[in-house]
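Shared between the two complexes below is chain A, which pairs with chain B and chain C, respectively.
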Partner chain A sequence: MSATERQFGDVLLKVDNITLRFGGVKAITDVSFEIREKQIFAIIGPNGAGKTSMLNVINGFYHPQEGTITYKGNPRQQMKPHEAAETGIARTFQNVALFRGMSTLDNVMTGRLLKMSGPALRYYHQKLANLPVINYLTYPAMWFGDLILDSLYWGPYQREEVKHRKAAEEVIDFLEIQSIRRTPVGRLPYGLQKRVELGRALAMEPDLLLLDEPMAGMNLEEKEDMCRFIIDLNHEFGTTMALIEHDMGVVMDISDQVVVLNYGRKIADGTPNEVQADQDVIDAYLGVAHEADLEEK
Partner chain B sequence: MAADTFPKFLDSNAQSRGNRPAIREKQLGIWQTYSWKESRDEVVTIAHGLAASGVSRGHRIAIVGDNRPYLYWSMIAAQALGAIPVPVYQDSGAQELAYVLDHAGVSFAVVEDQEQVDKLLEIKETASSLTSIVYCDPRGMRDYDQDFLQSISEVKRAGEAHKAANPGFYGEEVSTGSGEDTAIFLYTSGTTGNPKGVVLTFDNLISMSEMSVKLENIRHDEDTLAYLPMAWVGDNLFSIGQSYVAGFTVNCPESQETVLADLQEIGPTYFFAPPRIFENILTSVTVRMQDASRPKRWLFDYFMEHARNVGVRILQKESVGLGARFKYWLGEILVYGPLKNTLGLTRVRRVYTAGEAIGPDIFDFYRSIGLNMKQLYGQTEASVFVTMQPDNEVYADTVGKACPGVELRVDPNTREVLYRSDGVFKEYHKNAEATRETKTDDGWVHTGDAGFIDSNGHLKIIDRAKDVGVLNNNSMFAPKYLENKLKFFPFIQEAVTFGAGRDFTTAMISIDIEAVGGWAERHNASYASYRELAAKPAVYEEIRKNIEQVNADLADDPELAGAQIARFVLLHKELDADDGELTRTRKVRRRFINDRYESVINGLYDGSDKVHIEVETIFEDGRKGVSAADIAIMDVTATSAAQLKKAS
Partner chain C sequence: MFYREAGQFYTTYAKDQGIFQLKQDKYGLWGLLFFAFLVVPIGLYLLVQGGVMAGTTKDYLYNSILLLLLVNCMAAMGLNILTGYCGQISLGTAAFMGVGAFTAYKFSTGMNYRVQKEDNAGELVSTLVPILPQIDNPIALILLAGAVTAIVGVLFGLPSLRIKGFYLAVATLAAQFFLVWCFSRVEWLYDYTSSSTIQIPLLKVLSFIETGTITFGMPDGSTKAVSVSGFLVAGSETLKVPDGAKTIVSASGFILTDFSKALSSPDASRAVTGETFRIYPVPETKYIFSLAIVVVFAFIMKNLVRGRIGRAWMAIRDMDIAAQLIGIRPLATKLLAFAVSSFFCGVAGAMLLIFYLGALEGAEAFNINESFSILFMVIIGGLGSITGSFLGAAFITLTPIILINVQPAISDVFQDKALVEHIQFMVFGALIILFLIMEPLGLSRLWQIAKEKLRQWPFPY
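And now, the complex of A and B:
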């Protein structure tokens, strides 16, 4: 697939001159880039280059000291992770972070939690939220009422559950994990756990999906599967993705746009072909301890 | 007029039981049900759609994919138009697929998903006759713009338009069809050479379906799980033939991987599986019981012991004491019932197995917990049924009596089994020579299997006819029969027997490292490798006991008493498909083994008690190495008929 043929939408996320410091250590220095809608965007770089820090900045976990992030046209400097989630940013983690005792289905369903509010709470949001006096009392009452009625699996509450279950099942179908629907994820092999984690992120129906090393620790077959899911996701649903990955072969094959970080600075930004030809990038990889990665190409 | 094709059966089912479920499919985690009426509507629309795309009488339509309602409907729609469906194994490689498509002259293909489309696109250049491909699952198909590709919904849209323009078309096409028409081509995977296309008519399939429905009292409220390949004759008979004749419900699992979970949800009343599947289920039960808590394990062992003692007798309605009956009833509540529920076999009224020999332990396990498991013997060429075990006449080592309407005989010279019935195939497609070799002018079919009819009137299959030989003492030598008997012992992984044209029978055995290793652990016998374990005298001793048991079994049978095993050797390595010793389906490759282990075979016959062996092995990464060893040979005593008499 060549990047030039593909059509992308507007800028979804714009990172402007971001600098992130931990005490005296500069993790990210003055980095800027743009992620467009429907792009598969990759952030690469040697160990300690600041890739994961960058993801953490994007989803609001770290707060940069300088610079702004413009997401869906709204500039911001700080954001809490749950706000990021509510505005449609989902992510997976470098080390799988699932509820190990819960089944695959339940884990995927947790991805729907933000979209679940009982009918009572929805009514509150629409009609009552502007009544300041009773606000304090009604919100918990509505919330508690939803909880009780939800547990009775009744009428509109049942329909709500069915709706979300259907969305979760679509994700399960897409990722072909039907056979482990009821299996506690703690018992699954690593590659499948990664897939379940992707499933949970997908259940959020994200506008921007952040993948932190989606293929780390996988065997070749699992990597191929994961690549196919990423490409299918992008083609079928137009999901915008930003991923960090060490496997250069994978990155160059599936990404539309690549940003290279080294010691917290951006040293290159472009299509996979442009980046591969960039002398700074070659130096960064050959000069440090990552010869093997480049040789793969 | 009685229906004589499947589309006609569909019409009559849609009328007589229109709202009853015909087929179910699990989609997005939920079972979707289609009634007979809905099924017929789908078939009519698809048939119109196919006709609009140019399918007509005599065309061949390949069907490739897992068991899906749309694929079944497409088959019936093709038959309604007088076209011939050619189901192909969904996991066959491109080359095999290309051969079948080309040989059958397929012009149209209905496939499940992108995976199959890719495979067909790859071979489309060579399979020149293929002009059009229809896919059912649109996922991943967005970027395919070839004009000979269309989705099933496009076909249905075209079908709606065609139907509006030609309202009487479907009815006319269906009534044109008759029982003598070719219903289907089924390609059988031969062990040698290219697959052969078995041509079956509607009369073949329907006569055998009606016979079996009547014989086994199959009702319209049965539920079955369609999980075996659509290209296999059994699926055609169970999921289409019997279902359309009796009007019962077929359930399509969500995916190949979820079959066991789906089985539990559906709880079929009627279940068929090859022995391998029953073996796997039993193994998983055993493993899970080993991990269970001590009281549960005790309860399980206690009641399973009781079931072994009386379960089969209770199932066969023989007289059993009141106390034992009560205990069995208690066991049903505490162990057997819950176990059957976990396996999804609570509602099952009939369980069938066929295809290869089933271990007596496995067979008895299922029967002892109250499942009416029976064996049958069949072939694609017979439209499945040749013999079946009647209720209450069930044995682990026979395949039953000839089905009603099936004539059976054994050639006295070659011992080959022959049969004749209404189900006998018309011919092999474009292979008159093979047809002549297999089917005589008066309709008898050579099975290629050697066997005999025992004192109960049951057929016993012993081996492939061409593998059966004679010992110098004129005793029949059936290697696979002996090897199966040996392999039913947990310690024996693989066995190869020799004896044709020799004075006595010998066996070359590779042990099961897990079973023997576990045994060694319990007996404090230390070992560092497979080779060391296999060379232990104590292990030899255990295997010798197993073989003596086989010999005692054989002594019982006058035909085989002379073929008792006299000497054996335990190999220093496992027989392995990577080394070419077994096929990928774990069948012994005799000629190859004869060459490779010549020194061992010589040692077995020249009386020496030790033999040196050197063989080349291939590692998984393709590297080669030589493995050499000195291995011991051990004698086994035979059981004489006199001893047998004394014992009884």
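And now, the complex of A and C:
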């Protein structure tokens, strides 16, 4: 199936004229693009082009000085990373950022934290929040009730744990990491750590998944596995993804749309084929001969 | 050979998420609890009755070793929540324990405040006026102490959003010094006594079971008095003792106090005449009570750290940036860790006052050395491990006591008294360094390695 035949949904994330400065250094200058639902969207560019900064802007870690971000149709206010996560943006990191002291299963379960609510508080939100009673009292009482249930690991809370354990196990099955479920992630080889990190992000059931160099430092086999997971995710579950990757073969094969950054500016935007043919992109990657050099020859 | 998971399959997630992965672990813990709750008190009692051990030795064992050990276990668990699981270093543990002790004291004495009036002769007379009824139930006191300490802990945890690591440790030092200053300068806290010492009043324990007078039956007619409550724990009850009774035994047969010893106390004359007699807390009951509290809180801690709260804490500890991008609110999570940790420390402080010391001086009992020693317990025992809290507390508490007891043997060799005492410190320090070199992850890691070795035994791998 070629990329042009595929059907995408509405615009999920719209980035408008973003400029990000650190003091006098402009990391990103006036960049705009759109990510549509169900798209595999790639951001590429030479080292230091501002790709990771762009992801950090999207999930609220950096706050751009200029420009707007529209997410799910709403212009987004300046937000903190955990607020971005609450709106359904998940992320993996260039250098693995797993919770090293925990097992694979616990890492994936940590990804479920946002979905897990205390049974008492959920009851509050379903039944009590709209009642004309003094919510200033019932909310803390319910919060405290959850703490008690948590500390006893009992009844409704235990059922909650089991429910999310099932969801976590589905992710573990999908990524084929059943055998390392109980292994502390610090002991895993690099390729598996990357996979666990993807699992942790998937456990969030994100609307937009940001992948920062998911294949960096992997061998061919591991890369093929990772590509398979990305494509399966996209085709089966319709997950929207924005990825940064240096392996051009991979990017051109799997992505639907590619944005090329260089020195913080967008130099190309289009399908892989269009981008490959773009003279600016070729120049950015291969370099431009200086006129002085040409004259010497 | 006997310690392995072979044949133990779990078919539901609920079972798979249980506390113990191995049945052997479960049986081991039940065995340990059985030993601590029944074998220790009954065994020691039998040893004393059989004349093998002196009664004073038994009391020393309870009052100076076991109770201190339990209090330290509690405090180490509290600090381990904050430092081991949430990664926030704290040097204010002793101060938080102090908050717990002083809260227990103020509630047990009815929150007195001082009213000063001039009497007819024109002299200033001060009286203490209680605001609240006195609480004489140790469980209520301990829970109140925990709750108040949790609030104080949250206040001092607020800087943790902005500062991390060693800088946070320095910020918690502020809590240490400020609170200890309060313990010796805010007169209201210690009821305006000149020595700034607090003493817990005698508590009527489990008064919700028995509020009336306790009557005695004398099963064999002559030497024993039996309490009907059957369960007198710490604290005191006012008892009517018949003439000539030698021992007070509860209905369950558990010896509450050696009455012959009590006869030599100032109250003895009244006891003999058949008037009311006051039983002081006996070590066994204090021990069982403290042990039960520690076990319950260990269970609560285990449940918290294996659930969603514990995962959020560990995520913040291991990689706080990734934790935020998963949707964990850093401030709320850290403050919850401060609250729960301080709750545990407050309970430990209240236990220190109620069960272990009875009376203490705040500035001395909760100084910075105490904070450091609890931090050492957690580091030597193993950060992020409940077993480690217990092992570390046992190591730091018991090693000096063992060294003191072998001191006579050394002093025969060296003759110099000062030198012998210094040798004790040197050996203790050397042991700490040795342990940390052998296993930087603490005693709990050694324990884990031992268990893995045991699994493979008799094969090397």
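Going forward, the second predicted complex is superposed on the first by the 265 of 297 C-alpha atoms of A that agree within 3 Å, B and C clash if a C-alpha of one lies under 4 Å from a C-alpha of the other, contacts with A are read in each partner's own complex, and residues count from 1 in each chain.
What we mean here is this: contacts are C-beta pairs under 8 Å (C-beta built on N, C-alpha and C of every residue); 3 or more make two chains touch, one makes a residue touch a chain.
Computed from a predicted structure; not experimentally measured.
With both complexes brought onto chain A, simultaneous placement of chain B and chain C is prevented by a clash. With both structures placed on the common chain, the touch criterion links A:109 to chain C but leaves chain B unconnected. In the superposition on chain A, the chain among chain B and chain C reaching more residues of chain A is C. Of the two partner chains, both chain B and chain C are touched by A:166. Look at A:221: by the touch rule set out above, it reaches neither chain B nor chain C. With both structures placed on the common chain, the touch criterion links A:153 to chain C but leaves chain B unconnected.
Once the two complexes are overlaid on the shared chain, A:235 sits against chain B while remaining clear of chain C. Shared contact residues of chain A, touching chain B in one structure and chain C in the other: 165-166, 169.
Chain A meets chain B in the complex at residues 165-166, 169-170, 172-174, 176, 178-179, 181-182, 232, 235-236. Residue ranges on chain B touching chain A, taken from their complex, read 28-30, 139-140, 142-143, 254-255, 257-258, 261. The part of chain C that touches chain A in the complex is made up of residues 12-14, 16-17, 300, 303-304, 306-309, 311-312, 314-315, 317-319, 321-330, 384. On the chain A side of its complex with chain C, the touching residues are 59, 61, 80-82, 84-86, 90-91, 93, 97-102, 106, 109-111, 113-114, 116, 147, 150-153, 157-158, 161-162, 165-166, 169, 200, 204.
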